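What follows is subunit A paired twice: with subunit B in the first complex and subunit C in the second.
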Partner chain A sequence: MSVVVRRNLPQIIVALIIVLMVLFYFFYINADVSKTFTTADKALSDWAIVITAIAAIVGGIDILRYHVNQIRKREMRQIIFSCIVIVMEIIMVLLACYALSSGIAITTQPNFAWLYTYLYAPADAAMYSILVFYIASASYRTFRARNPPAILLLIVAIIVMLGNTSLGAMIWEGFLPLRDWIYNVPNTAAFRPITMGIGFGLIMLGLRLIVGKETTWMGRRE
Partner chain B sequence: MDFGKYKTWIALVIFILLLILAAVSYQWELKVIFSGRYVPFVLLLVLSFAGYYFISRATEGKPIPVRKIAAFDAIEEGIARAVEMGRTVHFTLGYGPISTVNAPQYLAGLGVLSHVAKLCAKYGAQLVSTLGVPELIAAEEEIIRDAYYSGGKPELYNVTYNVRYLTDQQFAYASAVQATIQRENAGANIVVGPFWAESLIFMEAGAAIDSFQVAGTARETQIPFFVLAADYAFIGEEIFAAGAMASGDVETLASIRGQDIGKLVSWILIVVGLILLPIGVKLAEYLVK
Partner chain C sequence: MAKEEKRRPFGMAQVIYTLLIISIVIPLLNPVGLPIGISQTTKDVYNYIENTLPAGSPVLIDLYYEMAARAELEPQAAAVVKHLFEKNCKLVFVSTITYGPIVFELLKSTAPDLFEGKQYGTDYVFLGYIAGNEPAVASLAQSIRGTIAVDNYGTPIANLTMMANIDKAEDFKLVFIVSSGTDTFGWYVRQWYTTHNVPLLFGALSVIGPSIKPYVDAKQAIGMLTGQRSAAEYETLVGRKGLGLASMDAQSFAHALILVFIIIGNILFLATRSKPKPKEVKKK
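Showing the complex of A and B:
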């Protein structure tokens, strides 16, 4: 594929979109034209949905390819999981196709909805709830009084934890206002420079994209 | 006529004209620029010109000092350690559709992946890259293939092994990444992109098998998890700077100086605002007018 199609054309499209977005954000421009670049008209967001839908098919094929490969390699530890993934993917796709052929929304197809509600959703919630154990183990590793900053972190963490529990209020009523002060003053003061820095980083990334200096996202360079 | 030599001057003229336009519009309320967006517009102009100026100076061959980012330098240490231990390198980018406000973070993550893949090729490490962004499968495949081929290690490239699309659903993705880190026994775990509640799951999965961990995100709520749980962390804007560093191109690197100018301007505004506050002048109110 030529360099023009592979490299120059995507660069020009990206640079043009960035410049137009900036122009429409700051300047008064004809309302009909400017709303093309907002969610009101949905012209760009509809394209994004179409591309995402096609990319999801590519993703589905990629998952199949990986797990079929695992089965072919006869990886005994992995084979059972790969079989489950392939069977479930095929079942969900078939149910979705059946729903479409019946003229109903995929998510309202009874079998599809049952699998989602009673299989996927509980597994998803279980994974989320596991976080509590991870927070405990990460806290155990992190909150060790090794040096002065670590001691400070430990003290602040204890105050915030006590401020978040009813036990803290039973010990001393001041834990809650102290927790709020930590959230609103030192915490906010620490976060704002990070937020501003992210904004500056984004501006520079945009500039590099406009002048064609940011090319890694396009993959192969030749 | 060679316009290349005059590019910086042309940029300066455009910059001054736009500044004049903003000033005139503000003074006479011409409704050229939306009210409340004057200061962001001027800041955008100043930063863009500063970045472009440094890029131009670097193009002319003048040295531009660029600050070091510890997490970026640590990636090489982590990969070398993984190779010494005979373990794989794991990289993950995040999940979800690319057409969101998180798109710049995916781009920054791809920049870091490019650097990681080149180092893996250099040291002969096996790289496993997991992702939940279907639009970026092809880009990741090309980045890793390019790195292994140009690094003289084409035998290490196996598309099914190196690039694994998992899912775009949060906790399904989180559990699959966790499983990959542990089953592949990753010696280095590099996590750069937009992350939500799954960030700590990845860090703990890596910590459980004693991985060397480098992580970064521009999502403020997840930065503390990475700072505490990873060996090295990119804090906020550093992931965008890392993308530029990964290119290894001095002109691209020079743009990072523009970010520093932005920080300097904001520091000056904060200090001036603090000085003016006791005499009853609220600078912030003028800035958002």
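Showing the complex of A and C:
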């Protein structure tokens, strides 16, 4: 493939779409133009939906391929997990296909719903719940009054924790309003510039994509 | 030869974990019923739905959370859904995450009282999972019928009575985003609030709360609920004892225990620091 097709053409398409999206989002010229813009904007959004849906299928195939390769490598510690992933993926896809062929929603197919609710859901919830133990043991070690900023962090953490619980209100009713104040004033003051910084960063990224300076999304250059 | 590190079967970490399990499990099995104060943030949300939102308004609810976040977010969703149904609002459920359809079925099965007397298609609908993230949200704002042809159960949107007059963002009076991610809130701010001026309400995890607070302070959202605490407060306000209230005692005791750990940690730290360091022997 020539450089034009491999590199320049995708860059031109991306730049064009960015310019169109900016036009559709920010500019209102008149009602007729706006209507045309809305139709085109909707079409672009719908394309994105279709591409994402197809990407999910590609993702599923990629997971399957990765784990088949793991089995081929015959690594005994990994092989059992790869087998579980492959078997489960095939079962879920088959059940989903069966549901679709029966004319019912995939999630209401009893076997699919059972596997999801009683196998996947508890495992996922347990993974997240385990965090509490790490947080408890980390807080014991990290919240130490080493220096003035650490002392400030410690005080704020105690206020927020007590403000979040019923016990805090039993000790002193002021913990809840104080927690709200910390949330509303210092916290927002800290997060607003972060949010604005992300916004500026995205603008810069968009500009770099338009002028063709940003190429990492295309993968490594040959 | 280096000595092999011996792992203690029951060290300090294990003591902490055991105490933590006890502090969570016992209050869950035997709730103490500690009183809960209502924060102004939750009161604002309640007052908006109660006093400002017209009765019978169409409301879009995006269930964007997975199983891991269910314990924190489902009680919020259930409490707000109860309040909205009490106001005879027409609820359009949707999900922009793959877990959505299962999460919706779980909400229905764990809180059947919410949907009692409410008819599918007339009082509420579930559009199912819509792929595409922000573009999907943008597309829905422009036209639901133009984005999807059928709901989660394969019924054509045109056949759903409730959807006859509901199609685009302007038809909704409120969007309630229950999300375990941070980006989701930004999508709706950009695609529903900024472009169509539809009021937004956020339901987020405790850890996400601080990062989305600027949107609420900038009045880009009417308010937000964060974590189990807000869920418990909202359950108190709407008079439905659910998972939020049930887990507040456990959360209170767990937090109290963590505070005790922090205090002990600091006492030990200060005691170690105040000890005179052994003098170093000067090398000749």
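The criterion applied here is as follows: the second predicted complex is superposed on the first by the 200 of 222 C-alpha atoms of A that agree within 3 Å, B and C clash if a C-alpha of one lies under 4 Å from a C-alpha of the other, contacts with A are read in each partner's own complex, and residues count from 1 in each chain.
The criterion applied here is as follows: contacts are C-beta pairs under 8 Å (C-beta built on N, C-alpha and C of every residue); 3 or more make two chains touch, one makes a residue touch a chain.
As the structure is a computational prediction, the values presented were derived from the model and not from experiment.
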Which of subunit B and subunit C A:T215 touches, first, second, both or neither: first
Which of subunit B and subunit C A:F27 touches, first, second, both or neither: first
Which of subunit B and subunit C A:D124 touches, first, second, both or neither: both
Subunit B versus subunit C as contact partner of A:I63, first or second or both or neither: first
Partner chain(s) touched by A:R141 [first = subunit B, second = subunit C, both, neither]: both
Intersection of the subunit A residues that touch subunit B with those that touch subunit C: 25, 45, 48-49, 51-52, 56, 120, 124, 127-128, 135, 137, 141, 191, 194-195
Parts of subunit A lying in touch with subunit B, wherever the complex brings them together: 22, 25-28, 45, 48-49, 51-52, 55-56, 58-59, 62-63, 65-66, 69, 77-78, 120, 123-124, 127-128, 130-131, 134-135, 137-138, 141-142, 191, 193-209, 211, 213-221
Subunit B residues within the subunit A interface of the complex: 31-34, 37, 40-41, 44, 47-48, 51-52, 55, 97-99, 104, 106-108, 110-111, 113-114, 134-135, 137-143, 145-146, 160, 163-172, 174-175, 183, 197, 200-201, 203-204, 207, 218, 220, 223, 225, 228-229, 235-241, 243-244, 246-247, 249, 251-252, 255-256, 258-259, 262-263, 266
Of all residues in subunit C, those that touch subunit A in their complex: 13, 16-17, 20, 24, 34-37, 39-41, 66-71, 98, 101-102, 104-106, 128, 130-133, 135-136, 138-139, 142-143, 146-147, 152-154, 195, 206, 209-211, 213-214, 217, 227, 229, 248-249, 251-259, 261-262, 264-266, 269-270
Parts of subunit A lying in touch with subunit C, wherever the complex brings them together: 25, 38, 41-42, 44-46, 48-49, 51-53, 56, 103-108, 113, 116-117, 120-122, 124-125, 127-129, 132-133, 135-137, 139-141, 143-146, 154, 157-158, 161-162, 164-170, 173, 176-177, 179-180, 183-184, 187-188, 191-192, 194-195
